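In what follows, a single structure is set out as structure tokens and then discussed.
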Amino acid sequence: MTQKRIPVAVLAATGSVGQRFVQLLDGHPWFEVTALTASERSSGQTYGEACHWLLPEPMPEWARSLPVLPTSADAVQVPLVFSALPADTAKTIEPEFAKAGSFVCTNASAFRREPDVPILVPEVNAAHLEILKVQQRKRGWKGGIVTNPNCTSTGMTVSLKALMDAFGLESVFAVSLQALSGAGYPGVASMDILDNVIPYIGGEEEKVEWEPRKMLGVVGGEQLELAKFGISVHTNRVAVSDGHLVCLSIRLGKRASAAEAAAVLRAYQGPADSRGLPSSPSPVILVRDEPNRPQPRLDRLTGKGMTTVVGRVRPDSQLDLKMVVLSHNTIRGAAGGSIYNAELMVKEGWL
Amino acid sequence: MTQKRIPVAVLAATGSVGQRFVQLLDGHPWFEVTALTASERSSGQTYGEACHWLLPEPMPEWARSLPVLPTSADAVQVPLVFSALPADTAKTIEPEFAKAGSFVCTNASAFRREPDVPILVPEVNAAHLEILKVQQRKRGWKGGIVTNPNCTSTGMTVSLKALMDAFGLESVFAVSLQALSGAGYPGVASMDILDNVIPYIGGEEEKVEWEPRKMLGVVGGEQLELAKFGISVHTNRVAVSDGHLVCLSIRLGKRASAAEAAAVLRAYQGPADSRGLPSSPSPVILVRDEPNRPQPRLDRLTGKGMTTVVGRVRPDSQLDLKMVVLSHNTIRGAAGGSIYNAELMVKEGWL
Amino acid sequence: MTQKRIPVAVLAATGSVGQRFVQLLDGHPWFEVTALTASERSSGQTYGEACHWLLPEPMPEWARSLPVLPTSADAVQVPLVFSALPADTAKTIEPEFAKAGSFVCTNASAFRREPDVPILVPEVNAAHLEILKVQQRKRGWKGGIVTNPNCTSTGMTVSLKALMDAFGLESVFAVSLQALSGAGYPGVASMDILDNVIPYIGGEEEKVEWEPRKMLGVVGGEQLELAKFGISVHTNRVAVSDGHLVCLSIRLGKRASAAEAAAVLRAYQGPADSRGLPSSPSPVILVRDEPNRPQPRLDRLTGKGMTTVVGRVRPDSQLDLKMVVLSHNTIRGAAGGSIYNAELMVKEGWL
Amino acid sequence: MTQKRIPVAVLAATGSVGQRFVQLLDGHPWFEVTALTASERSSGQTYGEACHWLLPEPMPEWARSLPVLPTSADAVQVPLVFSALPADTAKTIEPEFAKAGSFVCTNASAFRREPDVPILVPEVNAAHLEILKVQQRKRGWKGGIVTNPNCTSTGMTVSLKALMDAFGLESVFAVSLQALSGAGYPGVASMDILDNVIPYIGGEEEKVEWEPRKMLGVVGGEQLELAKFGISVHTNRVAVSDGHLVCLSIRLGKRASAAEAAAVLRAYQGPADSRGLPSSPSPVILVRDEPNRPQPRLDRLTGKGMTTVVGRVRPDSQLDLKMVVLSHNTIRGAAGGSIYNAELMVKEGWL
């Protein structure tokens, strides 16, 4: 199999999301990392030299000796690129790769609001890949850009999709308790979070109030159309390493009991194409019955960190349902999500 | 002044709330602690011997040598009793004190649902003390029972009161991030909360969905009547020592901008009788303008831990307002609240 | 291979160390768990019902439905027993199993001080198993008791063994920073450790000042003889979930440079019989060169949690060497250590 | 009294140590802050605008409106300067102030190794101020530089001084568990310390192995002479906000029991001139008898954060004594220490 693996690059591979890409791609059956890039400061070094590795899993041996390349479409020519670039850099560099013929699966937010760029979560909206044709035609690209959502939007949207399919969706109140790794490295200062909560994450609420509506919308000819439901979000940072928790209050399109909702969540499978891929979550959604779950430390690695874990499905005194959703922010909500997207693209013949 | 101080007792003085009563009553201008009680296991010991003191402030010297008494109205005869009893014990013991002529200012939840027992927060509902007359008449008590609310209800209700007075109140969504000290001692196991959040606190959501409606209601002849607004609550435990944070989305009775709401919160004074007492918060509500405040570690001791701190007052995409409220759970939300209640009772002539 | 697996029991299987036994024995190539015991309170329940599972790894399915048995040699008849009993219970129950013919690999401290009972760490003192013959003869047992050391003694002793073999050993100063899981569950209260250190662990320093001397000693006819070197220990509890760190200052028998010591540690293999078993650490000792390692969160799972990780090997201004040792306390220092011991017993023909 | 207060400046007032200076000088009976400086980036702003205030105590009102000045002896002309400068900047700027006639009480390490610059801890070595005469003469300064020690050296040296006076001192093994605030702000990244310990602090061990020997030495004519005893130090960073804990093993000059040592520590008063100043610790040393104290969260504010807290005084199996020392690192070990030094200088007529 190795000889047939698709060569891939990781852009901004020394940062915290970049490291997660490298770790998750270690031993991937379809993809082989042949290029790692970083800022100019690191050029001329090997990845082992340039990278301050932060994960408990050891740095893969093959990565250690790879040279760090500059982040440019000239220097890196591969059919598939995983991008951990910051939004401002992504804005200019990702289109260069797409123009040069690479498909860019990106964790950056730069293009999420473009009507011809999908925010892809395979078990939610695999069909949105269709918009790539519009993207290529309009922009004259041979490759393309596929984004994954903000880490907080991800698990929330998977569970909302299951409910929307079964009952419709009118409005959502969401309050997040987000992990430190979501802020990158060095990110949050320890003095700011020890014995503390920070009830604010810059720019986050705007993203989480918008992205789910795009993901839950439909392909409408030349553009992705937003789903029509209300959504109000408050985001908090808490002293947790990995795993974003979201407390949800939901008004459905038609009434459903907590038991009916739990059954629907439990049975949810996602579109056929999203299943059976190397990174497909198994199960798609795990519904826990204990009163005090999910918890980040105990449940974040469910389904190798790709499963959406839901708990406390119960009636809401104002709307219909209340529940808690947990999703691993650097696996499901970042690098793992992008890899899963790329796998779907292989299956659908884009790669 | 010392010779005129009112002798008071603290029931269950060795527990975590009991300790906070002892610490806050140290040097109180109106009250002098003359009796400390605990379970029978501790009888015959001094408080210094019986108590595993947990507060950073040192145990007051006068407390160290006080004998620990059994928790009974026979053993302890004082006009004013502060109760840190657990709810089940409070159920039987607090009425014995009230019958014997003591006024019981209690942190226990046992009597909060009784229609003739006030849940008192002076700056919210000082007028509810009026119901004590009904309580005494109906129950044949010479003393009486006055409760303070659940620690999470407290700050939330202070801020809702200010808004309700100005704009009316239709519905509230609240998600709390609560401190460890709210669970008593030993309370939450460290293995359960390090690098974790527990999205559940037994019995808490029911209290916080009900108590604010009673506190914001009116004295209706023979009973306290609930205010009519909707309220949905989700409670979480986080790795914070002290200070409960609540994220609120609010529909007002009539539209108001975030700036108008902030101005109303900032100007709120509470009823005249609630002002100028030894424990009166100053200010009643502090509205912070920074985008990332209030924070438990930085703001919980505002106004000696008695002030309600509000921040992030902003529009809600679904309702009218979003904001964050912080209140010190063992001071404002427990012992300090009870002491403030007793001060109001002195001012209104009950003591 | 499955049909030939040795049936084993786990005593006190619902506690935190017991759970780790169950998790580590899941899929073990040589041992098959056929019995789980707990206190009488749980009898009549399945393990899934009786156990408040605390590990991030899910409870193995086979364990979920096993009935919880009483902890007695009558109820549980298997050739090999893993014991997670507390010391006081172990004192009376473990000999009953040994008498009835079972070999007991125990994490309890009850018999560690007996001169005919080994404190076994295979890569340190595999030869100490020899004393089992004396134990059986003197006590009239068909089975026997083999202990593993205190979790803090473990990693420290592995690294001291390597140095002692090469250079001799005169004296050791050790200060530990120990993880919360070492205190069991519920163990340390969260209010006691958030934003805090507890510079005391009851009974711990006595164990850690004695056990290494026994492990590093020799079989002297009818008893295990203590090695002769000085050792002074101070133990602390810190806010870490798993992984005990020990800071060591060491006087060797003969001078050695830090580089020589590091080379010796790196090359250490342990006795031949300790190698190649299912739980053998690989490497035995990992020496890290970074100035700020080992760290519990990043390094505790090295070698599946069985490897001793050493760092900061450098000269000591008073003695010869300073270094830092990390060892996973519930894997290497408890359940994993006992399982490794049992594997050695299989290899040497005791089972 | 106010009209006679000495005008003082705080250099680098916006950093974490600078903020602590401002907070501790609020309401000081002898000193009045008239100037605050910061890097050029902040010039033209008020302190309230320039400073990201991190302390739970609110920023003093008088500080809020003070203009931020550049850090130069031209811009700031006051008799007394408190310096929170980083070491490299201090190297050039502090002498300019000293030359211009200001006395600089500094927390920076830049001049601690100079033989004519005291590392001053009033209750240890008030007499070292004498060396200022040499400093002024040799350097041609009208003012001078007085340093306080590294935050970890401070509490340790106070307790060693008491023991040395009574019993002599031969050697010391010290392992520290240091708080996050010691690293400044933003300092340690939260991802590096949550569920973790970092067994390394750059440059720290060298300081803590040297400074106590200077402080415990004597004025020898033209220079301060080092005390002769051995000292070996290992430093760790732990998840504590404030309060450095040090575990000590000590060989005394002559044998003493733990009880004798505890009595000596408890009775220690320091030189006469160090007593009765506004910042004098009361008591100088608090010896706690509980087996599990001192603890940072519970004991760091003893004596307003100026007292050295000692516990677990007990025999050492290798040397004479073991004990644990706690000292508040940003109060006693930094800003508070410098202020105390300045008070001593007033008393001795330097100011």
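Of note:
We just call them A, B, C and D in the order they show up, numbering each chain from 1.
One rule holds for everything that comes next: a residue touches a chain if its C-beta (ideal position, glycine included) is under 8 Å from a C-beta of that chain, and two chains touch if they have at least 3 such contacts.
Please read these numbers as outputs of a predicted model, since none were measured by experiment.
Note on connectivity: the fewest steps through touching chains from subunit B to subunit D is 1. Counting C-beta pairs in contact across B-C and across A-B gives the higher total for A-B.
The centroid of the Cα atoms in subunit A and the matching centroid in subunit C are 40 Å apart. Subunit B has its Cα centroid 42 Å from the Cα centroid of subunit A. Subunit B and subunit C, compared by their mean Cα positions, are separated by 48 Å.
For subunit C, residues that reach two or more other chains under the stated contact definition are 54, 194-195, 239-241, 297-298. If you check the complex, the residues on subunit D that touch subunit B are 54-56, 58, 194-195, 241, 297-302.
By the touch criterion given at the top, residues 171, 173, 175, 177, 194-200, 202, 209, 230-232, 234, 236, 238-241, 245, 247, 249, 291-298, 311-312, 316-319, 322, 324 of subunit A touch subunit B in their complex.
Subunit A makes touch with subunit D in their complex at residues 16, 54, 180-181, 185-195, 239-241.
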